[in-house]
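My questions will all concern the structure given below.
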Amino acid sequence: MTPIPAIVWGVSLVATLLPLVIACPLFVSIILMLTGGKLPARATTLLVGAGMGLCALFAVISAYSFLTGPDSLGALHVVLWNWMQVGNFTAQIALSLDRLSLVMMLVVSCVGFLILVYACAYMYDDPDIARFFAYMTLFVASMLLLVLASDLLAVFVGWEGVGLCSYLLIGFWYGEQANAVAARKAFVVTRVGDALFLLGMLLMATAVGSLDIPTLLAVGPHAPSTTLTLGMFLLLGGAMAKSAQVPLQTWLPDAMAGPTPVSALIHAATMVTAGVYLLARLHGLFVLTPAAMLACAVVGFVTILLAAGSALVQTDIKRILAYSTMSQLGYMYLALGCGAWHAAMFHLVTHAFFKALLFMAAGSIILRVHHEQDIFKMGGLRKDMPWVFTAFLIGSAALAGLPLITAGYFSKELILGSAYEVSPIFWAGALFGAFLTSIYIFRCVFIVFWGGHRTHAHGRSGMAMALPMAILSVLAIAGGWMEMPDAIANVHIFSNLLSPVLGALPQEHGTSLLIVGSLVPIAGVTIAWTLWRPRDVAPTPAESPAIATLRADWGFDTLYDRIFVRPFMVLAHLNRRDFIDRFYDLIAALTQGSGQAIARLQSGQVRRYAGWIAAGTVAALCLAV
Amino acid sequence: MNIVLELYGLIAIGATALAITRTIPVHGLLYLVVSLLALACMFDELGAPFAAMLEIIVYAGAIIVLFVFVVMMINLGQPDQLREKGWFAGGAWIGPGVIAALLMGLLVYGTQRSTMAVGTAGTPIGPQQVGLTLYGPYILTVELSSFLLLAGLVSAYHIGRRIGGKS
Amino acid sequence: MMMFALPALVLIPFLGGFAAWIAGLRGATRPAWAVSLVTLILMLLVLVNVTLASLSAGTGGWFAHFSMPWIPLLGINLRFDLDGLGLVMLWLNALISFPCALLSARNVSERAGLFHFLLLSTIAGINGVFMATDLFLFFFFWELMLLPLFGIILIWGDAGRQRAVLKFFLFTQGSGLLMLLAILGLVIVNAQRTSVITFDYFLLSQTAMITPVAGVLMLGFFLAFAVKLPMVPFHAWLPDTYAASPAAASILLSGVLAKTGGYGMIRFVVMLFPGPAAHLAPVAMTLGVVGILYCAWLAVAQSDIKRLIAYSSISHLGFILLGVFSGTRIGMEGAIAQMVAHGLSTGALFVIAGLLEDRLGTRDMAKMGGLWPAMPQFSAFAMFFAAASLGLPGLGNFVGEFLVLMGTWQVSHTMTFFAAAGLVLSSVYSLTMMLRVFFGPRRSEASSPLGALSVPHVAVLGVAALLLLALGVYPQPVLNLSVPASPHSVSYAQEQAQ
Amino acid sequence: MNAADPNGALIVAVILFSLGALGVLVRRNLLFMLMSTEVMLNAACLAFIAAGNRWHLADGQVMFIMIVAFAAAESAVGLAIILRMHAAGRATLDADTGNRLGG
Amino acid sequence: MSFSFLPNAVLVLCLGSLVQLAAISWRRHVARDAVLCVIVLLASLASIMLPTFLIMTGSLPLFSSDSWGSYAGALIILSVIAIVLMSRHGAISADPSVNSEYFILLTLATLGGVAMTCAVNVISFFLGLETLSLSLLGLIAFRNERLDAGEAAMKYLLLSGVASATLIFGFALIFAETGSLRFAMPDLSHLPEPMIGTMGVILVLTGMFFKLSAVPFHLWLADVLEGTTIPVASLVAVTSKIALFAAMLRYFSSVNLGVPSAQVNEILIVAVLSMLGGNLMAVVQTDLRRLLAGSSIAHVGYLLVAFLSPQPFGVASAAFYLAAYAISTLGVFAIMNGVLPQGRDIREWHGLFRRKPAAALAMSIMLISLAGIPPAVGFFAKFYIVAAGVSAHQILLLFVLILSSTIGLFYYLRLILIMLTPAPEGYVSRAELSMPTPANATLIAVLACATLVLGIVPGALVDRSQGIVVTPVPIPVHSTIP
């Protein structure tokens, strides 16, 4: 019998609102797609604002009522319908809300809302604004699905959905060939990870019989450990590609080709952290596979350093931020690898705040200096745009992790502490990364905002851009106060929130680590000041082959190009006509040739014909002998 | 063994070999007549006097004469003879020679293995016996053979007739 | 009523085709077009009727039956039976045939009547293939459905069609003859066992055979279907043929005709020879994987958009092979879902390619580029179907590919790994196509005004998109319905006995 | 009269048959080719007569008569064709040259 | 009890030819002679159904009256009727006033063919065969002012002379070994020395293969088809082959061809060579008639597959295939004759669909039938043959059959393709489209309908062909003198 899809509309408010959280942006997107750009810009922005506002509102309400509700420590399950059911395999489209997904949902919807408001102003004059927001809202919907879905396969829908939107948005200004190429690159590289993710799911589904995350977490530990390890490695591979971790990081810097709000939303605040979120959700399984965890930590560790090194020599403001994103994601992976789920999630949240802020500020700058992105062509913007300067400074401080006053400080300290727990090498490397971070971001700050004018800024950032920046500035500072080490203040709001899901916060460490961790950013800022403080001569980027390599992502791009892309393409072009086809042509030619030969027997000379008859007879007589 | 039969056979073979190698058609035809006469003698030896007579009368007498007529009508001259000679140059013989030799070898090999007992042979099958058989069980084939000849007649008549502008 | 519905599904399009031909004799395009459309709608109504009746019969069995003697002396009957698989395939055929008829108006300006006759005859033949359960009848339709297509491609095709069509025909007919051998071999073996000459699928399925014989016979069927599907290395006919075909033919070819191969694999290889098929499975699956990767790789290098889609199509069809031969229920279901989804998505891509060729006068992607602003709506559709084709979750193709991979995983991890690598490559060629055609700066050659999409186009593409979306988010009805019925189905045997 | 040996006659027939075949293969003159086919027919006649002798049956001679009838008809038609071709303008009796059909 | 009789059809044809002769000797009138010819043929066709008129008891059996003979005889007569219908007076000869002989020769050829199919004695077979050959000679050279026709006739004459001589030499060897003129392959295992018998059979096969134009004895066919007129070409390609194949089947009906032996191996090899050779040869031809010659050779190969397969499918499938082959090949020739008589070069056929759609459609149906694609009759015929082959486990032959029919598809389809496409640039057409005569048009229509109807509803013909049996040739009471 045809099973009737089990649409269980929850009786509770949360269960009703949760699908709506996803549906709001989705509907906006569909409306924008169907109207096909015929809506005026104002209507579009209003629609987007309303849709996203509702989305964020629903998210907040449902979060509130969940936390105050009866099962706030557990999870709330909303089954929408049976997706597919073949044999004993079932996949459902179901949403589940627990404290982890709640945090992520809030980040996505609220930060998303802010960025979209900002984008309304940023993109107002673009003729394709409707398309832009169609993609953006679709992205938010996909991201929310990724966050809320209860079944890994449904997570994968969101996972690929955000990938597609990312592709579409990177290539939003498709008129430039380079943008479209960058978009394709981003999609294909993350697709490598997606394939690994898919394989991991197949493995888990076969081993466990379901992809439902609660079931996975419950039944998964009983699976053979090799299976589990392999599965975790595969999922880690998928997560890494999405989060632009070494060695699958090459797409992220190129992804800056998209409009800046895109970079803020997708390539800083939300999508790239999906991997972190996924691993955190599966931490129950992850923790059982030390090899995968170690690999995760190493990947994070390497990425921190490589990306920070690259960021140090970039000239494009957005690329600096892109590398910094990679580097910061590296911290999260390091934390995950070290089993510090809280730390990873906390850094995820604070990073979302300050990196979105940085991108918005950078976007404002770019918009006001005629789409100039080279920092060496800017300068002295401090006076032209004081508010943007302030916002950027706050973001930079948080990124650098200036002690006490920034959100980044607290989240980073949490990671450093847990890294030290696992290995001092991790700790030292991460610390060095933090040092580099403060250098490169303040290099950017000093070059862009101090010194003489090298470009002319115009206009003002409107309210729609300023307000989100202001809110995020506050969050970039105050967000950290949710969770403080005992040495400073006994505030554990964040870890308490997540503990029911992620387990208790591990033991804290002495203050010595904390002090070292606090001094390093300050040292970095000082060095940056000595190197790039305003001088009479305009600063120029240092040039040497080594630096060029560093700037080009340590040569990863070239390497991949040489060993993967080019051989693949060259061979494909060589074989464009398909050698198998040629083989059939050969057969055809043989047929034709033998036909010619046989036809040539008919020389028209009757003697020869008779000769063949006689020869045939002789041959047949030979059979008889 | 019958020496006479062998002798006639040798004559027939020799004459035939000469007949097919002549350059002048009339010479060839004359050797063919010799061959046919030798064959007729063989028929007689084999106890078929009626067939021997027919061989001489119809074959040598009628068919070969037909050939002679045609040779006369076509009237081939000296150049043709020279050309015929040229065609016999060495290489032309190899292929046909090999095939014919193989054919002969295989068939002789086959017939040699046959142990043909001489049954009631020796008593000739005279014209009367042939006549009775021909007009007895085979009467219908006689009837049919008339249509064979009719077909040959009509064909030859039509082909030989001039049609079109030249007439 | 149900009794005659099955032959009606063959006869209606065929007779309708005749009517269209007659209607088009005067030279006007419109009447033939209208007759053709009415015929298709009529066919659809019958199909709806059959479906409704079938749904009440539950899933997994045989729904409808028709039988009539044809050549009684040889045990050949006009026998049709319908199961879920057949029903789903019929639906696919019906759905794909609409765009072929609807969108033909533009390309086919002369001899429209003939065109519709040939088109509808092909459709009738395909319907027959999906229902025939007499092996001779099946073979008859199998060969018959190609003939009108031959005419369509030859008369309305592009440059190079002669070579392509010959290649197509030689491949399919040659392999078809192998299948004929196998059919007759099966019949003779059965006749030797039971001393009854019959071509009946159900009776033949009970033939007890020693393994080598069964294996050889199965191979005959397998090769015929492998060529039609096509499986690497028998794919060489496909790109040429697709490229040279007029839009309607390439839609039909890629959308349905290739699926007859997959259908045959299920019904006549796996179901009829379960044992030998299991032995063949590793080879077939390996070739499936090779096809997925090799043709995806070739697709990347193509500059002709139709060839690109053609190679991508072969690549996707590798999944069908993989699923069918995985020997798992889930893989089989996946293969069926993949057939439906691939039919829709590739069909739509060919609609798009045809339209591009129509508007730009070229299929060379080097001469396209930057078309999005000129035709945004159209480009959005293209993006959608490209996404479907690269297996975006939420769209139909993903369901098929995922289930196939899942089925394969239970058999071989290595193969699954390589097949999944095909997903990466599919994103490469799909996005390369988007990049070269729609993105980037505008090429001067393509600067002619392109105009908006016509209503039929929007309708066709929209319906295809909706169906893909529906299949992607709620594939369960199709998965439930499309369960292929076993020839040994108990309930059916009982019904026959009555 | 001695008993004739049909076996020896058969060998003579075989040799004659091969000679006829050789003639057809080696000669380019149509007239000689026609003659050679007559030789082959003769060989068959001889074989029939010899076989008739072996089994003491008149059937062999009956067949001989039929063959002679056929040979006469065939050579008549053949010669007619040669004459007609000659008259229609074929220059020589060479079978190898002047062919219009073939290829 | 043994009895001798003349088959009705032979008798009617004999009388008919005499009537025709008498009519001519009275006054020449071409149209009347054509009609007379058709009447004679129809009468002989009708007479096949009737009981035998003329029976002579107590004599040697010369003819058989089994269903195989009747079926093949009917096919022969029908094909000749078709040939008469497609004969146009202007085309048969330069001077239509002499065409009366043409019809007599056709009657005589039919007579020979029908006699062959019924013959159970070497002498009657030989006479039938040579009557057919001599009539064919006259017909081939009928346009005797043409060098082409003369050359074709000459080639046919010489080669058929060689083949006939070989054939009767073979009979002579068998006669020498067995003492019997029974027209049936001798049971070699009962001979003291089977080799000479085997050699005899092989020589007989040479003669038969020559007339059937099986590879490597096939070389004359293309030249003859090219050199003569279209109706005569179809007579050569269809009628004479049916007659010979029917006789050959009868000759070998008494032995089991499933047992390997020299002659079975020869037939097998020849079948393989014919299928491949004929098709390969046809692939490269640019002259339509030579192409059809290749096709015809290939079809002989297919027939030999049926030939080598035992009952029940063997004879039935051969019977069906002969009919299918006759219908389709005659159809092609009839269309050539009616629409493009000068269309030797296949490029002349470009764009026929545009210029003469009905004819092009009919031509396509015929070609599809020859290629063996449904819904034409050739499809079922090939199916039947393959069934026969499968039931006889002729694996090698079947694979060759499949391979060669795939090659064959190529040129049949290329022809259709040519008719669908306009002529290439720069090709100057020399052939003119002509309007088929009403008789020819009717013939084309009938053949096209037959191709389709028999293709879709082959049941009736299958029933007919399944009922066909070749009665074994009776062992005669020796022709002792009464």
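To keep things simple, chains are lettered A, B, C, D and E as they appear, and every chain counts its residues starting from 1.
Rule of thumb we're sticking to: contacts are C-beta pairs under 8 Å (C-beta built on N, C-alpha and C of every residue); 3 or more make two chains touch, one makes a residue touch a chain.
Please read these numbers as outputs of a predicted model, since none were measured by experiment.
Asks: Name, by label, each chain that touches both members of the pair chain B and chain D.
Replies: Under the touch definition, chain B and chain D have A, E as mutual neighbours.
Asks: By C-alpha centroids, what is the most central chain here?
Replies: Going by the distance between chain centres and the overall C-alpha centre, it is C.
Asks: Measuring centre to centre with C-alpha atoms, which chain is farthest from chain D?
Replies: Relative to chain D, the chain whose C-alpha centre sits farthest away is A.
Asks: A-C or C-E: which has the larger count of contacting C-beta pairs?
Replies: A-C
Asks: Which chain has its C-alpha centroid farthest away from the centroid of chain C?
Replies: B
Asks: Using the average of all C-alpha atoms in each chain as its centre, how far is it in Å between chain B and chain C?
Replies: 69
Asks: Determine the centre-to-centre distance between chain A and chain B, using the mean Cα coordinates as centres, and give it in whole Å.
Replies: Between these chains, centre-to-centre, one finds 100 Å.
Asks: Roughly how many whole angstrom separate the Cα centroids of chain B and chain E?
Replies: Chain centres of chain B and chain E, defined by C-alpha means, are spaced 30 Å apart.
Asks: Determine the centre-to-centre distance between chain A and chain D, using the mean Cα coordinates as centres, and give it in whole Å.
Replies: That pair's centroid distance is 95 Å.
Asks: Give me the residues of chain A that touch two or more other chains.
Replies: 599, 602, 604, 606-607, 610-611, 614-615, 617, 621, 624-625
Asks: Send over the residues of chain E in touch with two or more other chains.
Replies: 123, 127, 130, 134, 137-138, 141, 144-145, 153-155, 158, 162, 166, 173, 176, 195, 198-199, 222-223, 290, 410, 479, 481
Asks: Two or more other chains in contact with one residue: find those residues in chain C.
Replies: In chain C, no residue touches at least two other chains, as defined above.
Asks: What pairs of chains are touching here?
Replies: Once each pair is checked, the touching ones are A-B, A-C, A-D, A-E, B-D, B-E, C-E, D-E.
Asks: Any idea which chain D residues touch chain A in the complex?
Replies: Answer in residue numbers: 21, 24-28, 33, 95-96, 99-103.
Asks: Taking the complex as given, what residues does chain E use to touch chain C?
Replies: 353, 368, 371, 373-375, 379, 383, 386-387, 390-391, 398, 401-403, 405-406, 409-410, 413-414, 416-417, 420-421, 457-459, 462-463, 466
Asks: Give every residue of chain E touching chain D within the complex, in rising order.
Replies: 122-123, 126-127, 130, 134, 137-138, 141, 144-148, 150-155, 157-158, 161-162, 164-166, 168-169, 171-173, 175-176, 179, 181, 222-224, 226-227, 290, 478-479, 481
Asks: With touch defined as at the start, can you tell me which chain B residues reach chain E in the complex?
Replies: Going through chain B, the ones touching chain E are 106-107, 110-111, 113-116, 129, 132-133, 136-141, 143-145, 147-148, 150-152, 154-159, 161, 163-164.
Asks: Under the definition above, what is the set of chain D residues touching chain E in their complex?
Replies: 6, 10, 13, 17, 20-21, 24, 30, 33-34, 37, 40-41, 43-44, 47-48, 50-52, 54-55, 57-60, 62-63, 66-67, 70, 73-74, 77-78, 81-82, 84-85, 88-90, 95, 99-103
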